[in-house]
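Residue numbering begins at 1 within each chain, and the chains themselves are lettered A, B, C and D in the order written.
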């Protein structure tokens, strides 16, 4: 359960308040505002604020004076055109702000996306909670032999149990010592928080406010929803895509068609494909491609390599 | 008059619509939403959308779950602290979107601020209007001798008249030829728009949607509201500061105290000032500063150098 | 001829000097350093400095302590892998600095790429030269009917002559008045430079120093070398690609294969293509794609739609 | 000792090689190239590459064709002027690339500076070394009572000993379990690297290539060399400032005068200071400032509040 009662009350209080605005408003997203989507064992993602909607994309592309009277279908067509031709600036005109709770090792991947604003909970200033990510047994997988940065099959139960014991035991012991170092009781140590935090393990949870525009959000999702992304960040990307569908349905549909479900053919792949369409028997050997590239292309085309 | 009747109608239609939202809302800014603030002879600035308020800055700095129950004065104190110690990320959590109409030579200065999103009206795609900036007579000033990039005294009326004739005549002739080149009538030329536009003068008006976060907006205003900034961009910065006061009053007050009205003493100036406070007769010669630096410091301190 | 004798001398003096360095050095690029590649009628592009080479990309990807002893072919393979999987950060580890002379209307497109550093020649501080872009006759083309932001067939000679007369006449008259306004002779006007410049036409040449990393440079080239980009900026992108081939040959080859010559299939296009490979007679009507998307896909595949 | 013999050999091999270049070259920095400056117990900072020198700043500010024949003192004067008036773009024209080894909790602070390029050693792809930061005894300090994110007095030896035992013990145990989980021997676990790494403590060392322009580097140093910055990142900032002095001596001197040793007076402080210079007895109470601001100002002026 990722939230305390006090936190739930804060969220409910905020959800209960409302105001009148002249701004572009999306009822389907308002419905979800402030609510925490639970992720992993203690994490969450919740939308704190947003700016703009599908029409705002169109309005910026046209530099118009009002919201216009075009049909929804015309707007969707323009949005598809912008997405296909990588005219990205109109998508920057929408903005969203999340509150995210996530393990530190996930936060370290996440922060590599620089085109966003972040305020992280400070362990120099405050004390972290005793919460660490412990994978579900089905997530404890062996190192992949073919993909140097991926996972293979799930560990057998007994082996998984050994891993869980180590992960849980070490995280708890490190946290207990963290508390001991911070303790300011009579015979406590009272170590500076900025030092004590270094004893925590990388699966400790942190949290931050994260604000990003729609263009950069789609770039983040596209990279992190990929099957090669680590599972523990992919679940956040999937939750974001779900929010995207509620917030900007036309942009989300174009994004899924032109990015998430797309495949880029290199110049060499285009050559090979043209030959295939001409009826040639193209093989890995005579394709002019490396075996790996040939396999990737055939997989995308639903052929056996 | 910068707006056509159709544009006024679009704006009024948008102002008339409203919705209910759970988001942070600022009534004083809602009041101004979409309305055009007229600037220069044909330009304007209008707020199209915004995200966040003073409390959103505080909420992000604290990474909190709700809007909190602290007093407004406590929030203002934290905002002053963040501003004084250049903790800029909480200010990035507010965002604003403007529609701006401005002369091209001003747009060229403006765009140098990279930390913003822009969609400009495209002269490859559309035809520009016959509107150019012609300075008011009191703005026609001589080149400054002391400041290589500034203005000195206003030109005498007869000389100003000669300048106005040239500016107006050339802009009109260039625009007329632009139209002639674009003309697709029977004996028209029908030149591509992307080529014809090169015949326009730099005082022709363009327009764009411009979106920026509060931290970067304050940086823009601080640089462009400076007396050394060119008058024609300064009027936009002043209009933005006025909007800032309505939108985020606590942040605006801290900004005016710590940035707009502030002065940075170099290490050498600090030395000289300490001697002055000790009662030494510090002069340009014995100050250890260049004459220009000494003069700048004395001016900031309200002393005669 | 874009350079004065004094400028040529400055360039030759700089080319004649040399030093010893421990840094990664690329002889093929050293050969071209400082030399101006002439572009359009008065423009140019010249490399002022660079950092890194193909090996620097590999070294950063491996976070290695030295330059390694791998074969060139292994490095090229890793670079292809990074390019294919959009691992862009190692490409950010190379940097290049250009001095560019270009018409203002091209500069306005160019500057939209924000991930670069720019120092432009200041017309507030200095006086511009009497140089404007006048297109070669074969570049004077009619507005395209099918592409709202493109060109169609070349204008007939007589019509082109009318256009040239207007472009040349207006640019010259505007520049003459610019000089008149700036004139500080006895009966001159002495207008501030920051004001006088607004009378110039958009084909006036400006110049700047422009510094960018390799990743962002490839993004710039990919967008601006596209057949839909305006000719007047495309020539600069083509000159840059040529420099890229001398500077980082392995990265340039991967870039041309995976970006410049590539085509992205949307999810819908992948469906249609799978059916084609299965032997179905796929037409625009039964493809599930819009006519425009179907046509674009068939063109990329070298089929007639 | 932060380097292995193999790493030393790689560095020496690279230092032994040299080439001829036409680029701006700084002998004092060449002298240090590739050498590791040891920091903390296992960390280091070493310069891998650089672009530009003091003259390159001047050259960009002037958009010149050659390196010019001005005196060094004139260049230094222009650089001081640019620094004082916050004309930051010419400083962006110099670039430097570091290889840094640092504890993960320091890396997490560091990465918040977004205007840089980073390639970090990947613990998904490779196995980390058994190296963790253990503070020197004199760095083990109590939590500050006055500064919520700072340190106070050093811990007494016995208490420090308890802290050291916990830090060392936990880091070693976590690392041993990390190795156990990764072990692929017959009865090993073979857990995926991307999972095993979550068991490491935050004082484990990581490393990265980090590339940044001079303007943003100075911003980083100014923030992290501050007495309020955490000691463990401050030592890196101090090492960088030392490198800055060798690389761009004129820019470094201006930076130390106008940034590192400077103090910004708010509008309210300026008022109080003007009264002090007029001979008024200004106290915290009648200054119009908060007590904290008054104290900060008096400290900067070398007065007792």
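Following the convention adopted for this analysis, contacts are C-beta pairs under 8 Å (C-beta built on N, C-alpha and C of every residue); 3 or more make two chains touch, one makes a residue touch a chain.
If you're wondering where the values come from, they're calculated on a predicted model, not measured in any experiment.
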| Chains in simultaneous contact with chain C and chain D | A, B
| said: Return the chains shared as contacts by chain B and chain C, ordered by label. | reply: A, D
| query | Among the chain pairs A-B, B-C or B-D, which one reproduces the interface of C-D, with more than half of its contact pairs identical by residue number? | reply | A-B
| said: Centroid from C-alpha atoms only, then distance chain A to chain C, rounded to Å. What do you get? | reply: 33
| task | Please compute the C-alpha centroid of chain A, do the same for chain B, then give the distance between them in whole Å. | result | 35
| task | Just give me the whole-number Å value for how far the CA centre of chain A lies from that of chain D. | result | 30
| note | Residues of chain A that touch at least two other chains are 89, 112, 118
| query | Which word fits how the chains touch one another: line, ring, star, complete or other? | reply | complete
| field | List of chain D residues in touch with chain B within their complex | value | 80, 84-86, 89, 112, 223, 228, 256-258, 260-270, 273-274, 276-277, 290, 293, 300-303
| note | chain B contacts chain A in the complex at 3, 6-7, 9-11, 13-15, 17-25, 27, 30, 33-34, 48-52, 56, 59-61, 63-67, 89-90, 92-93, 95, 97, 99, 117-121, 207-209, 211, 213
| said: With touch defined as at the start, can you tell me which chain C residues reach chain B in the complex? | reply: 103-105, 107-108, 111-112, 114-115, 118, 122, 124-125, 133, 135, 139-144, 148-152, 155, 159, 162-163, 166-167, 170-171, 173-174, 177, 180-182, 184, 189-195, 197-203, 230
